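Heads up: the structure comes next, in C-alpha cells.
Think of it as A, B, C and D in the order they're written, each chain with its own count starting at 1.
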C-alpha cells in the first residue's frame, strides 16, 4: 500500500495542527527538534544556510546490542556518525528538508549527528545564515516568534536560557532557545528533547489524543 | 610585563614550527583542535564562514568543584555554554581568529562549546563555507593537505575515518578528518584531542622538547 | 529542645506503622534500605552477624560541590568511604542498630558504604549469619516473610529477582530480595531504593500523608 | 588433554612464585584480587568466614554485545549477578577457594559480584571472621603482612588509604588495604585491580616475563 504515506498527517501538531484523517506519521526524533526550532524562522526570514549539529544519547541508536551500543564503546566517548565515503548522509536529513519546505523556502540542510554517553536525550545546535544579513533578528525576536507560534501548546517552550539535556529528560517537552552571533552574521538555534518521549512514544500519545479529540496531554500530564 | 606576550612563540609547532626565543605561549585546548584542522584549509582556499561546534569533557571546565562540575549536574547531561545575553562569546574565539589569520584570510568565527559527561577529551565539528563554491574540494583533497602539512610531526594524524574521543584519550595526538557536503556546498572538518595532553600539558612538554633541541616526543613516546 | 527527638515517631511506616503524635523522624537513606531488608528477619530468627555492603549514587554525598563530588573524581571510579584510622564508622551505623533492636536482637552491624558513578540510587547487599545454622531458611521463606510483613503497603515489594538500581530509580519503591548460600551457611539480603525518594523526600511525603490520615500514596501515586 | 591443567603453574607470582614448567594458568580477575588480599591473612590466622563483595566494570562482562552490556542497560545502574534459584554461584568461587587452600585453611567463601557503570576496574570489599576473636589483628598488622609477603614485587602495593578504582585503572597494579571493625569483631580487606591488566593481559605479560627469566615488568614498566 504505497499510497498510505501520502495520506498520513505529519504528527508535529505544534507546526501542522491536530491530526486529521485516519493515519498519523509520527516524526523522527531528530526532525522533531529541528523542525520545532526552524519552522518559525523559515516562515519569517529567508534562510540561505542551515547546519545542524545533533547530539544524541545511546537509546537513539536502538535497543539492539551492537558493538556501537556496548557500554565500553559508548562510555567516555563521543562519535560523529552518518558520514560515509567523505560525505554526510543521514536518513533524517531529507525528512527535515521536506517537512520544513512545507513552511518556507529552505536550502539543503547539513546534518551531523553525534553519539554521546548518556542514556536518553537529544540536543541540536543549529547555525543559520540569512539571505539578507540585514534581516538578522535579535535573539529576543526569535523567542517572540516561538512564543507566538507555540502559544497554547503544552509541550513546547522557549526560554532565554540555552537548553540542556537535563531540562527535558523524562518529559515530553521540547525546549528551545536562540542566540545571535552578530560579528559573524549568524543565527544560532538550540533545541532539546527526550528522544524516547517527545521524539517517539510521547509524541505518539499526544497525536493519538489530538486525533481522538482529547486534550493533547491526556494521560501524559505529568510529563510536562 | 605586558610586552612579554608579544615576544612569545605560539606553541603549535605543527603549524608555526619549533619554538624560538625564551618564551612559548602554550595554546588553549579549543584553539589547538581548531587551528590544526583549519590552518591547512585557510592557507589554500578562501573561506567565507567558519562555525565550530565544540564538545568538551568536564576536566575542560577546571578542577574547581562548582555547581556545574558536580557529578549530578554534569552526568546524563549536555549543556551548551559560552552564550550570554543572547550572544555567543567564549574567550577562545579571538585566540582562534588571531592565530588563524597568521596563516590565511579568515572571517569572524562562530564558536559554540558544549560540556559533556566524559572526564576528558574534546571533539570539534567545524562547518566551513568557501567564498567560491567552485573551490569546494573533495574530502580526499583535504586529507592530502593535512598529510602534506603535518608530515614528519609525530602527534598529528589525519584519517578518512571520522575521529572519536576514544581514539585520542590518554594520548598527545590530534586526530583529524574531513567530509564534504556537496549538496549544501559545505566542507566539514573534524578534530579530536585530549584536552589534558595535546590540549595542555602534553603540548607543553612537546614545546619544551623542541625549544631545547630534543626530539618532540622525548619522554612522551608512549603517548603517541 | 533535646527532648524532641525522643518524642518523634520513626518514619518507616512499613515497620513501625503510621506516624502518631506531632513529630516524625524521617529515616536516613541507608537505614531505610537496611531496616526494610533486616526487620522481618531479625523478628523471626536469631542473627549473630550482619555485614552491610552499601553502594550509593553521588547525590547521596550531598549537593555541595566538593573534590569528591566533582565529575572527574566520581566518574569511572568507585570509592569505599566511612573508613578512618583503620576502622569503619559511618553515622548511619548506630541508627541502623538502634532501630533494628526495637524489632529483635541484633549484633553490632558492620557497614561499608561505597560511592558510585551514578546520579541516584542505593543498593545494599547484606550478609547475615544465624546463631543456629539449623535455622537457615530457604530464600523463598524470606520472600514469604517480606510478603507477610509488607502486605498492604504500596512502596515495598519483594521479588525472587535480585534488585537493580534501575528497578527503582525515579520511584518511591523499596525493592527487596533474598538468597541463601547454604555451602557457607549465610543468608544474603538485597535492598534497593532511590535515595532521593524512598530514602528522603518521597518517604517524607508518605509519612505526612499517613500522619494526616490520607492514603500513603496521595500525590505520589505515579512513583509506585 | 585433560592432564594439562594439573601441570600448569597458577600464575599469581606474588603468592606462588615465578612460573616453572611449560604451562601457566593465568588467574581470573576476581580471584586475582581476592587471593592477593586474603593469602597473607589465611597464612597467619584461622579464618572462619569469608564474604566477598565484588564490583566490576562492564569490560568484565566480556566484549560481546548483549542486553546486559548495552549502554542503556548498564548506565545509571548497578546489578548484583551470579545469583540463581535463590543461591549465589559464580564460576570464580571454586577457583578462589581452591587456590587459597594451598596457602591456609579456608572455609566456604561467599562471593557476590555486581556490575557497575564503569568501563574497567574491579574492587573487592571482603569481610572476614576469625575462628578465635582474640586473634583479631590491628589494621596496621595486616598492612605489615602485606608489606612482608609482597616485598620486592613491583605490581602489588598495600596502603593505609582504602583503594579506589581510579588508583589502579590503566595500571597493572593491585592495591590493597585493611580495616578492623572491633565492635563487630570483623576484619575488612580491600583490593582493587584493573580487570583488563592485572586481572588479565597485564598478568599474562608479567607471567611470561618471569617464565622466560626477564624482570617481571619488562615492557610494562609504564603500567606500574
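In the analysis below, contacts are C-beta pairs under 8 Å (C-beta built on N, C-alpha and C of every residue); 3 or more make two chains touch, one makes a residue touch a chain.
What you are looking at is a predicted structure, and each value in this text was computed from that prediction instead of being measured.
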Chain A to chain C, fewest steps along touching chains: 1
Chain pair, B-D or C-D, that carries the greater number of C-beta contacts: C-D
Farthest-lying chain, centroid of Cα atoms versus that of chain B: C
Inter-centroid spacing, chain D versus chain C (mean Cα positions, whole Å): 29
Centre-of-Cα separation between chain D and chain B, whole angstrom: 42
Centre-of-Cα separation between chain C and chain B, whole angstrom: 49
Multi-partner residues of chain B (at least 2 other chains): 73, 76, 117-119
Category of the chain touch graph - line, ring, star, complete, other: complete
Chain A residues within the chain B interface of the complex: 49-51, 53, 55, 73, 76-81, 83, 86-88, 107-110, 112, 114, 116-119, 121, 123, 125, 127, 129, 138-140, 160, 162-166, 169, 178-186, 188, 190
Chain A residues touching chain C - in the complex, by the definition given at the top: 76, 170, 222
Footprint of chain A on chain D - complex, ascending: 58-59, 63, 65-67, 69-76, 117-120
